[in-house]
Amino acid sequence: MKRVELIDLSKSYDKQIDVISGINVTIEPGEFFVLVGPSGCGKSTMLRMIAGLEEITSGTLKIGDKVANGLPPNKRELSMVFQNYALYPHLTVQQNIAFGLDVKKVKKPVQQKRAEDVAEMLGLTEFLQRKPRELSGGQRQRVALARAIVSESPICLMDEPLSNLDAKLRAHMRMEIRRIQRTLGITMIYVTHDQVEAMTMGDRIMILHEGKIQQVGKPIDIYNNPANPFVATFIGSPPMNLASAKNDSVSSTLLIGDTWHLALPANENYSHPSSELIAGIRPEHLRPATKDTPEADKFYVEVTNVEVLGNETVFSFELGGNEWMAKWSGQWHIDSGDRIPILIDTGSLCIFEADTGELIKKPTDLGNFVFGKEVLL
Amino acid sequence: ACTNSDSNTNDEKSNEDKPGTDETAGKVSIEFWHAMSGTGQESLDAIVEGFNESQDKYEVKAEFQGTYEESLTKLRSVGGTKDAPAITQVFEVGTKYMIDSGYIEPVQSFIDKDNFDLSTLEQNILNYYKVDGELYSMPFNSSTPVMIYNKTAFEKAGLDPEKAPETFSEVIATAEKLKTDDMFGFSMLTYGWFFEQLVATQGGLYVNEDNGRSGDATEALFNGPEGLNVFNFLDTMNKAGTFGNFGTNWDDIRAAFASQKVAMYMDSSAGVAGAIANAPFDVGVAYIPYADEVQRNGVVIGGASLWMSKGIAENEQEAAWEFMKYMTTPEVQAKWHLDTGYFAINPKAYDEENVKEKWAEFPQFKVTVEQLQDTVPGIATQGALISVFPESRQQIVTALEDLYQGADPQEVLDQAAEGTNRAMEIANKTKK
Amino acid sequence: MTISLPKKIWIYFLLTVTSLLVFFPVLYAFMISFMTGPEILQGKFFPQSFSLDNYFKVFDRLPLVKYLVNSFVVSVGVMFGQLLVCSLAAYAFVFMPFKGRDFIFFVFISTMMIPWEATMIPNFFTIQKLDWLNTYQGLTIPFFALAFGTFLLRQHFKTIPKELHEASQIAGLSRFAFFWRVILPVSKTSLVTLGAYGFLTTWNMYLWPLLITTNSSVRTVQIGLKQLQSQEMSTDWGVVMAGVIVVIIPTLLLLFLGQKQLQKGLSQGALK
Amino acid sequence: MNTHVKPGIWRRTGNARTAFLYLLPSVILFSVFVFYPMFRTIYLSFFLTNQNGEAALHVGFENFAYLLESSAFLNSMKATVLFVLYTVPIGIIIALFFALLANEKLKGIGFFRTVYSSTMGISVAASSVIWLFLFHPSVGVFNRVLSVLNFPQIQWLLDPEWALISVSISTIWMNTGFSFLILLGGLQNIDEHLYESSRIDGAGYFYRLRRITIPMLSPTLFFIITISLINAFQSFGQIDILTKGGPSQSTNLIVYSIYREAFINYQFGTASAQAVILFIIILIVTILQFKFGERKVHYQ
Amino acid sequence: MKRVELIDLSKSYDKQIDVISGINVTIEPGEFFVLVGPSGCGKSTMLRMIAGLEEITSGTLKIGDKVANGLPPNKRELSMVFQNYALYPHLTVQQNIAFGLDVKKVKKPVQQKRAEDVAEMLGLTEFLQRKPRELSGGQRQRVALARAIVSESPICLMDEPLSNLDAKLRAHMRMEIRRIQRTLGITMIYVTHDQVEAMTMGDRIMILHEGKIQQVGKPIDIYNNPANPFVATFIGSPPMNLASAKNDSVSSTLLIGDTWHLALPANENYSHPSSELIAGIRPEHLRPATKDTPEADKFYVEVTNVEVLGNETVFSFELGGNEWMAKWSGQWHIDSGDRIPILIDTGSLCIFEADTGELIKKPTDLGNFVFGKEVLL
């Protein structure tokens, strides 16, 4: 239950290039804060700075209102799951888990009890007496997780803690972590690459790109209103489709990827009519045209690739030099080369300014459903 | 000598350095192994250079081979092979071993052939090295023990600095007077050599069979009354607290003297020069003490002599002989004497100008020579001949150390004798 | 990782005090090397003047440069010989399972227990028979096989993640290539340690070089050091200490350079 | 650590054959320069040797019987054991202490590392000469300090009570450099992440030392303990220069006694017998060390 | 281009418990074979046996028609991505990648070219001169991947090669790996935890559980016709909902989880009417009831948890002691505690026998869409 505040934080390994720069963010006590970003953008570095493992090149780090820049890690009262586990190779699983408790002079029986409970929860019970090298990858990762969970520190840092687990176990762990975090009121900073984790676990997400903050906010807000094209393509899978666009204010149409003319509602008008724009639309908003669709609204696309994922089908086509993807529920029998009519709804369109990347039109129709409006109770 | 050194990479080097192959200069080149280090080596190198320049037939290469013990070990390993040097310096207690080894050519044969006049050499020294009337090796660096004392301390204690104590009881009494809080009265290096000397000066024998000169010794005699006298002498002072124990290291005892931790001590004549140079006070040198109830016999010669190898080329032996002769010349001996404090084996050296000058400056030097020349010839002062001498000395060191720790003098002496007896027994048993 | 200031001060304090203690004897020897005989006997710590007389004397008395060169050649020779022979053996012990491996390893180890003094004389005869007296090979080759070195490297090889071996096998690396291209570079720390050990022990050897050299052609510097001390003549301590300083400077330099090689964690980053 | 391959017979021998190739240089050199002399030593231990060091008189176990009864030899054994006990544990603890200090990432640490390891660069002969001076009864630093502090002076190398301790002190000094270097190397190889992880858990310095550093360092510790034991049993140079085995045999370690017997007394028979006994003692100690020590060692 | 054949393969680490047992499968030349299974089920072990790193306890392994049990790894001509990377710490990224080529004595310039090309493809170009310890987790993983790709061995084994990459990069890598595998005709054996990878990359998937094969087949077949409840819940995310069921042959209804009575079409009849059954339905087949749904077909459920994932919404409810989940497209404004009417279509129901786990009724209606039937072209 501690606030973590990052003020103008920067980090450079080689004193030349900042791998992280000018980070300003406050993580509230008890918040579940998710950190995402492409590989190598500085997520682990940031966690390690918060943990006190990496020197802060400039800026201020506050933990629970106190400046913590120089504080040694053991004074910070936090726990951490390392991306590479960092298990003690000479200790058994049991000892690995209980290590932190032993440090804090928790009594042996209590240690054992707590270690066993956590092991039980993570399905590690039968491995308690093994050494890490005799475990599978996922088992090792769970030990690392157990070690952090068992300590119940007020701040917990997790660096991709579920990456080596299967979907089922991962779903289970997601829930457990969330439950524990809530019950104990832990302030959690959580790095992940998993879209589902990012969307469902965090109170807020922060998207990092090349060491700079792109956007911070509630997951769904970020999904709906990405601050820039980077965020738009980073959150959501398959990513939002982007193409350059031009606003033809005369005909009140939007020219997308040099091919599609999309009529805009009368009231929509973009301040800089001449400027280059980027139009974006999420794959699930590219819907199949039905019999009732007026021919004028249909866009025909030539399918280049199809993936049937079981409960949904993703197919790609080309638009203005970009690969676009559409995602439809169910298993569709589409083949590469098919020409398919699709529908675009201006309401679900995002528009960014090309130079600055600024979002100038949020999507309004997000396929939001509310019982009572769409379905009858 | 190195005809069979086949194609190894070191061919050139070995040709250059090995004896007898210096074809280019047309010289006969021989090796001379010695154990002289420090200033001794410096002086020796100069002498060897002098020899090499004095003529153009022979070339001697002086090579250091470690301490007396180490070089003897090495000689034992290469003795009789092509790796053996033409000349080796061996300490006096190795004499018996060398004679028995069969590796050496007695110098007597050259003396006879060359009609070399031995009488030019110091008789007392020859005495030691002559066995059954034959000279096996050419004496070279010879020393004797002396007692060195601090004249200034004598004065302070109200004693006559020109009159050193002569007998054991005098030494004991003087030591008593000299003893202060910071200074012991007397000390002696824990080294068998000094014990041998103190026994010999009483006319005591070290081993039976006439000190090993009339046959292989089988029994130690040094635990007899003479030996006991010595141990009692040391024990009395040690118990009275007037004896300073400075161990087995030459430097320690000398430093103790120089830094006025001890007023009188026994040293080698070769140490006199250093003692005078390092001491910030007046230094006196005296004969070694003897037991009150006997006559003074004098000292046994110490140091080392030069041995010639057998089985090497004739011209190499000749070279070795020439070199040995050169070493006995008064000029060389004078230089050697002055540089190191060892005796001149050729007494004519003392007539050299530079020696006289030095003696005038440091009359103490003379004392060492006089003591040697005053020595009464006899079996006792001729010194013992046993092949296991180093081991026996070790036994004495242990006995002395035990004595200083308060053990009974007779008991420790008997133990040492027993050890020596066993060593001799094994040596005799295994003798070829 | 960050270290707090008080802790830093405390560590520096300990470092300074202990290194002074450790280094005192050397420092003292250094001081003595500038003193004259009487000064030394008076037990001073600082010389009256830093005159280089003793050093001149040392170089004057002995072919010290030649000795230094010989020592260097011999030490470097032994160092590389040991590194090669020991690492080959250690590699076999760690990465090639075969029957009786532990036993053979123990036989190797047991050679450490044989006092060198006990084997010296027979070895001398061997060298003599090989006609290696007064040669560099006589001074070096008997020391190439070193149980200690094999042991040291084995201990280190055992800590190398086995995944590296596996990855290399899959890459199609032959045994020797794996040894040469992966194991040796990854074990740099230990190789440097062993190298330093081999160099220094050889540099410091006295009895053996004395025994198998009879002239100064391949003699090493420690014999020179011994030549400076004389038994019965008063040792000229100033000169001896000057010799000591001359002899230890190259090795200290080597240590200084070597310690840079003891960098952190050469196997780090191998695994996830 | 093995290449888990199906143990076909041809393959197993193949492994052994390749291994043999790698071991060959060592095997040849060991045979010529260690085993052959060792067997010769064992052979000689049943003989009395003549003045040229050749076996002359077969005496069976007489040499051994003599030694085991000889108070001098028993005293040597005692001195050796004491010497090992004085030097090994303290030496390793000090070296470990230094290594831990020098393992910190600080400015100028390289300098301190060099200083700590410096004693390794100083030959036994050179360091003994220096210590001889420090221990000097009259001009030595130690006694000067004692007298300045008004303590009674100590006969460091001359008092049988002190001599072994003094030699041990100088030996510890001589050996720390090497132990330090080895231990530092071991420390440097411990994965930083383990420390990071434990520091986050709040482990204090000594806790980390006990639970992580020591276990992870155990292969190195095991190694250095084994080596130190063996080296201590074989210390020679410092004895030769500092005390020559005295006073009253109090520092006459077995190896020195062997040296004296062989090189001064030229009794290869008894010297060999002593060497064999020493070998057996070290062998036993090492076997015990491997049996009980290596169990506690953790390898990756 | 080599066949890999596993005949009765078993493995035990401790000579007591088999971690893998009786595996019989043939991987065809050029096939992309995906291996999935819960953490610790023996996937890595199996790969390692194929690679020759782990001894085969019993059974036969054939590689390209030759028995390979005793073949050393370097004779097997394969490449591998290790779960924990196993990079050479002393080599730079460039050298790590080119290492295998260098071993095969490929010429230096060619090595360099190929290493650079692969690095380019994996976005590692700027790190080529770094050592592994200076890389982020994802970057290291990419180096491991690059190393395997560059070698172009006829058989390639990958153990969770994309686990530490972000969604965008992962999508890209999926395509690249697939492309390379197809172009070079590599026989690929690929371990993954990712549903999308499993569904889209493999020609066939094999599901392993506790060391035993559960099912082998085309991804979509497995999705549609899981051989047993384990496979049913393992493939698909969220997993298929399961509940015990009973067949009431009299009323021709199915009693699911003791609460739901589902009328069965007349022709459906399960051979063992008295036996215990397990009914399963995928979350996406639990559809929202609309105004037009007859009240009798509606099932009311009380929502216990909601997760809005951006383009879809997952909510849970309880049925017969199990947590069930429904997944609907779009963002639904549902709150915990809401009572929601849902529809179950018997066509999408799976039925398993409870004791044997055998599938006795395949789902028929899978939400399969074909243009021309559902939508008008």
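Letters A, B, C, D and E mark the chains in the order given here, with residues in each chain numbered from 1 onward.
The rule we apply is simple: contacts are C-beta pairs under 8 Å (C-beta built on N, C-alpha and C of every residue); 3 or more make two chains touch, one makes a residue touch a chain.
Chain labels with UniProt names: A, E = Trehalose import ATP-binding protein SugC; C = Lactose transport system permease protein LacG; D = sn-glycerol-3-phosphate transport system permease protein UgpA.
In this text, all values refer to a predicted model and were calculated from it rather than measured experimentally.
Chain centres were defined as the mean of their Cα atoms; on that basis the chain farthest from chain E turns out to be B. Taking the mean Cα position of each chain as its centre, B sits at the greatest distance from chain A.
Here B-D and B-C were compared by C-beta pairs in contact; the pair with more is B-C.
Centroids built from CA atoms put chain E at 57 Å from chain C.
Computed centre separation for the pair chain C/chain D is 15 angstrom, with centres defined by C-alpha atoms. Note on chain placement: the centre of chain A and the centre of chain E lie 22 Å apart, centres being C-alpha means. Multi-chain contact residues of chain E (touching two or more other chains) are listed as 52-53, 72-73, 83-84, 134-135, 137, 141. Residue positions of chain C with contacts to 2 or more other chains are 1, 3, 41-43, 121, 161, 169, 226, 229, 237, 265-268, 271-272.
Residue positions 3, 53, 139, 191, 196, 199, 300 of chain D are each in touch with at least two other chains. Taken in their complex, chain D has these residues touching chain A: 191, 193-194, 196-204, 207, 211-212, 215-216, 218, 298, 300. Contact residues on chain B toward chain C in their complex (touch as defined above): 4-6, 8-10, 13-14, 16-17, 31, 33, 36-42, 61, 63-68, 70, 73-74, 77-78, 81, 83, 85, 143, 250-251, 254-255, 258-259, 268, 270-271, 274-275, 277-278, 280, 340-341. Here chain D touches chain B in the complex through residues 48-53, 56-57, 72, 132, 136-139, 155, 157-158, 160, 243-244, 246-249, 260, 263-267, 269, going by the rule given at the top.
Partner chain C is touched in their complex by these residues of chain E: 48, 51-53, 72-74, 76-80, 82-91, 99-100, 103-104, 131-135, 137, 140-141, 147, 151.
Of all residues in chain B, only 69-70, 73, 76-77, 79, 97, 100-101, 190, 245-249, 251-252, 255-256, 259, 261, 387-388, 390-391, 394, 397-398, 401-402, 404-405, 423, 426-427, 429-432 touch chain D in the complex they form.
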